[in-house]
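Shared between the two complexes below is subunit A, which has subunit B as its partner in the first and subunit C in the second.
Showing the complex of A and B:
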């Protein structure tokens, strides 16, 4: 039988049913709004009286102490942004856009995630902070592997990533992203700062043996140090890659003894650095004479926290850092005072870079007048500033890398207290550590386009 | 030749730590039938006995020196360790200097107590459970111990140097008629090897030549029969658990000057030591010691540049981190019970 198209059958259609169906359909239609917010201009656009930042640091795992120091600095920065405390480096920052009333008048709140110094865990915690907590910016990290992974995630999610402690050339080289910004220095800069001091202290006719952590940071640092020292006349005897999980380096140190090398370069960080340096000193390398010269050890990237772990072994050994609490500029003094009074000890290198990153992000929002990542990116690109402890600094537009002075440090022979393990040998001027955006060590990546998400 | 000798020494040194931990693991497995994945944590607790001893000696009286300032410009707080205050400068400094060897005295009672509590409080409830349950619960326990240590001492390594008299290296090259400095080896690593040899010998002598040891060995062979003879074998096995914990703890104390201890060090050794036990043969004490030294030496040779170059020539990655597992595969394929394993162990 042909259906009667002209008549509406009402037999199963009640008023209650209509309401239920309508409610379900309405909820269904509303769902995409809840998940992707098509009406928002960008991911996690703040609508209330507060804005949430996501601090993604190692709270467990081998870098937990560094993560804890980063978290202290983040909390201090939030306090200062909201008008608490003495304002710290906000008082010395050359940009005067920050008013101590939050960011763009919204109170700053924060959530924290645990990277565990593992890329997958770091991505998961960043994702959770963006999707569940509504974080509008992600910052932190104590490893280049983690930084590269989280930077990629933030690019996809459409939020800004303000990198913490990451020193690999790749972070702003082949893995650079339009939504990612790095204040910390990198392997190339360490090489450019260290090589002249090494040549000056140890001479130009030196034979170096490298032990290198077998991952992105180790490879790029080794490449940078080798190139910089060879440019000063040094030769490279060998480069041995050591697995990250190594704890006893004795079998890697033993071949150095009779290799003809007179310098050992330890491209290691964290626990690896503490152990390899301790092992090298145990094997009497620092007491040896090779090629008529004193055998020397170099640790290109220093961390104050790890220097403490190496104890006496660090004395007299050269390396580089992004910043030191012993600097005498007004920004450093203000930050050390604020941090020291709140926590009772001076801040680390890692603490300073994340504090600076938080202020720089907030300041960029104020200057751009928006939380839109593309507006912020535009505001940070090419931004020149001073007063954050590193002297005049540029956030370069082409790769989102900060360019500033680099510190060459030495393990102090007679420390006066437990925070006094390192001393400044030289403040290498920014011009000496600059490089072209298309430098071969940074080639292969594409910054791409800013992604506002939403 | 010099490289060969150096790697043999390195291997013996690494093997010492593996053998000591594996010995304890085997002792517990042989007596109680428990696969104790918390044994690495006991090694770490021992290491932190050395850290604690150092910290105890460094507890200081604080005085204010108004003539100097700290990093905030406040009057400087000067710390003087109480041991110097009480015993004078030379005796106080000597105690601080010798804190690692002195920590052995602290570690023995601490480890016996920790072992006793661990066995009576948790592990005894899992004797009749499958090995998988035992592994899970002891692994969980290891993580708990690790986190407690991290919460108390932080995540960073803590330097615990050897007494200054043992800093430096011994020149084997001169002893063997070679050039000076050709084969030098750190004093403390040699001491560690000698120490492990003494501990291993003491454990074997204890089991071999004492009545207590004889009963334990009899219990390991046939627990039921020994029990039927009216001997409380459970109590003896509990004491052996404490002894195994003490062996791991002492190994940890003496290891601290080699690598600064951190909360994770037990886990770094545990997996390797478990492989050592399996290669040596589950339940075989001589097997554990033999495999410990053998795998330590093989691991050292695998990280030699010549070996790395050879593999590179064949377009293969270096095998220094996996050599132990490769050997384990080969041994288990050819001798499924391990080098010195006995029939019937873990085969039910």
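Showing the complex of A and C:
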């Protein structure tokens, strides 16, 4: 068999040769050692004048709005990396490795896919990007379930995964992977930032009722906020899990009224949160008096798109976000300007997250001088930077989680337009939301070793 | 074997050749050309073709032969996947024990669900299976979270026991394999501008598809298959002859459930993750679509239908506006934008729309599915050429 193998790679072929090749390939199946990947240093090593990134976002399903905004930001980032537009945050970024000539001199191209907010579909889409389109990095996603699934796939395939919108503790906790990095904050940080504000505004003897999206994000978000509020003296009446696909939450809201709780915590995101909050307001929860106090609703994880979807109902409701376009630093201003000029409205914090991650990835390649995932991981680990909109930021080596300030937001009473629905209550400093890498809520995982594939 | 006609043997040979040469056939366009977007010859999609082919072939044994329309086959697919992943976690990364367990567990599930559902026929049977599938989905999604890991999906982790493999040390997750052959291994053959990918996982799936196809062919041509067809034609008359038809339908149901279990097990073997959405009713509906689109009751139809739907899902959904603009960039700007604006609704996230329209066209103009189209074409050209050898068989459907 071995001498025959040389014939396979011959570039000029005839019909007969083609048939023979087929036969050889078929026979080769019985000889596993012959079938090995071609010689490349790492998966999808770019050889031509361009490099392909894979943007895997939900274009259908409950998180489709977030996905659409992420895609806009990705397109903007690619434009800036290739030297188009005004450069956006590349001008304010503290690392100056990016020159606006693509990444390492190669033009940046991209492919897109639809995760459908389903682990299966997301993995299929990511796989086709890696296997068919030769993507060197996968990024995106608006659900922690999907992020965990795709992160696992990228680890196996040997490409870098920049996680996008994922807020579950597990993404950099028990499901953390050496090839995956997360720029977004997480459930623990939301709890740590939100609890002091809640205690200030609503007092320390509150009774909370939780409705929680039934998947990895909901579980860890609920656990985090419960622990943080209980530390401030609150008690927890009940925690009810709701399926992600639920659209009508009436049957979950009704029992809240008779539970003796005086705060409802909605551990919901995207379309889920819009629906559950609307249901809760329709049931008149916010006009109720329980235990002699005003009934309050809390949404631990906010986004501009959810605020827009929920309209009037979010007025006065507290929550946390990763970033807001109303921040006043230079990075934010530059990004909001570039995004606004291209699309005509301000970006969401999902958009800022994925834009920053794309720049960070490109910058890491430049500093490492290679597209090899191991080199990139090394230059991202422990990387401290500024100028991407969140103030001084650290990518921690131990768990690939990003640490930066967290915003506590509140629904505005008198919004001037539909994009101005949230106002900043407090910028929680980074020190207050930090935790040890072996914190119990993040325990049980192992980064493993970086995998360059091939 | 003497029950097979010449046409049958040709069909089987056709399937073998097509599946073995799929990496060539599905990759007709050179790398880097504008048409490369339509290439389907990459491992993940080829594996899906074969796996959903098995699923549809199995479904066809039930629906095509007995006429019982099950709306719950995705449940067996999901059960198969979960069983396989548990085997990877507990026993070994070798796919053989995983596949064996998934077929057995899916068979047991099918026996229970079939025993109850088959007390009714027609629409009531369909609704019963749908109800069972939705129950399984809900169980997997929330109630049985410790076994299924809910929405996140069941995955292998570094600290699983894996008794036969002796566990895994620190470092990277192990990969699924068959006695040392890793499923993900791919050999790339560069011929000029083309790059053909030969993937171990695909060929494993393809061999299972051929075996599954051969088995279904034997069932179609057996006395058992004839009995199933009698049930489809007129069950009441069959009952009046004093024959109890239920054991036959139950057997068909369990066999087709085991096929689905095998498909689920293979899916997990190619990519060790099992998610609850695999069991959702939309997934069950997809199987029905595949079979009807390809041609229910024909041997080859379901495989074609499965390939058709998976092709749309994976290729059309990835064409975005950017790609459209590059295609039509030779046109004047206004016209280009107009065309892109129209096509925008049919590609990317709009792929369902394209598929839906094609499905309608097929159902209206080719009620027998793609196979009817193929037969019509063959009949027309066969006659024109006057090919005496094959025509008598060619005009009769492959059924």
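Everything that follows uses one rule, which is that the second predicted complex is superposed on the first by the 416 of 454 C-alpha atoms of A that agree within 3 Å, B and C clash if a C-alpha of one lies under 4 Å from a C-alpha of the other, contacts with A are read in each partner's own complex, and residues count from 1 in each chain.
Simple rule for what comes next: a residue touches a chain if its C-beta (ideal position, glycine included) is under 8 Å from a C-beta of that chain, and two chains touch if they have at least 3 such contacts.
Since the structure is predicted, the reported quantities are computational estimates derived from the model, not experimental observations.
A.B. asks: May I ask you to decide whether A:205 touches subunit B, subunit C, both, or neither, giving the answer as first, second, both or neither?
C.D. replies: After superposing on A, A:205 lies clear of both subunit B and subunit C.
A.B. asks: Thinking of the overlay built on chain A, is A:63 touched by subunit B (first), by subunit C (second), by both, or by neither?
C.D. replies: first
A.B. asks: Name the contact category of A:230: first (subunit B only), second (subunit C only), both, or neither.
C.D. replies: neither
A.B. asks: With both complexes overlaid on chain A, does A:243 touch subunit B (first), subunit C (second), both or neither?
C.D. replies: In the superposition, A:243 touches subunit B and subunit C alike.
A.B. asks: Check the residue A:308 against both partner chains and state whether it touches subunit B (first), subunit C (second), both, or neither.
C.D. replies: So A:308 only meets subunit B here.
A.B. asks: In the overlaid three-chain picture, which partner chain does A:123 touch, first (subunit B) or second (subunit C), both, or neither?
C.D. replies: second
A.B. asks: In the overlaid three-chain picture, which partner chain does A:337 touch, first (subunit B) or second (subunit C), both, or neither?
C.D. replies: After superposition on chain A, A:337 lies in contact with subunit B alone.
A.B. asks: What is the contact status of A:278 with respect to subunit B (first) and subunit C (second): first, second, both, or neither?
C.D. replies: first
A.B. asks: Please identify the positions on subunit A that touch both subunit B and subunit C, taking each partner from its own complex.
C.D. replies: Subunit A residues touching both partners: 60, 64, 241, 243.
A.B. asks: Quick one: which bits of subunit C touch subunit A in the complex? Just the residue numbers, please.
C.D. replies: Those in contact with subunit A are residues 20-21, 23-24, 39, 42-45, 48, 138, 141-142, 145, 150-153, 155, 158-159, 170-173, 175, 180-181, 184-192, 197-198, 200, 203, 271, 273, 275, 277-278, 314, 317-318, 320, 322, 348-349.
A.B. asks: How about subunit A: which of its residues touch subunit B in the complex?
C.D. replies: Residues of subunit A touching subunit B: 60-65, 238, 240-241, 243, 245-248, 250-252, 254-255, 257-258, 271, 274-275, 278-279, 282-284, 287-288, 305-306, 308-313, 325, 336-337, 340-341, 346, 417, 419.
A.B. asks: Which of the residues in subunit B come into contact with subunit A in the complex?
C.D. replies: Result: residues 2-3, 6-7, 10-11, 13-14, 70-72, 150, 154-159, 161, 168-169, 181-182, 184-186, 188-189, 258-260, 262, 264-265, 268, 299-300, 303-305, 308, 318, 320-321 of subunit B touch subunit A.
A.B. asks: Which part of subunit A faces subunit C closely enough to touch in the complex?
C.D. replies: Contact set of subunit A toward subunit C: 8-13, 18, 21-22, 25-26, 28-29, 32, 34-38, 59-60, 64, 75, 110-114, 118-121, 123-125, 127-128, 131-132, 144-145, 148-149, 152-153, 155-157, 170, 175, 214-216, 241, 243-244, 446, 448-449, 451.
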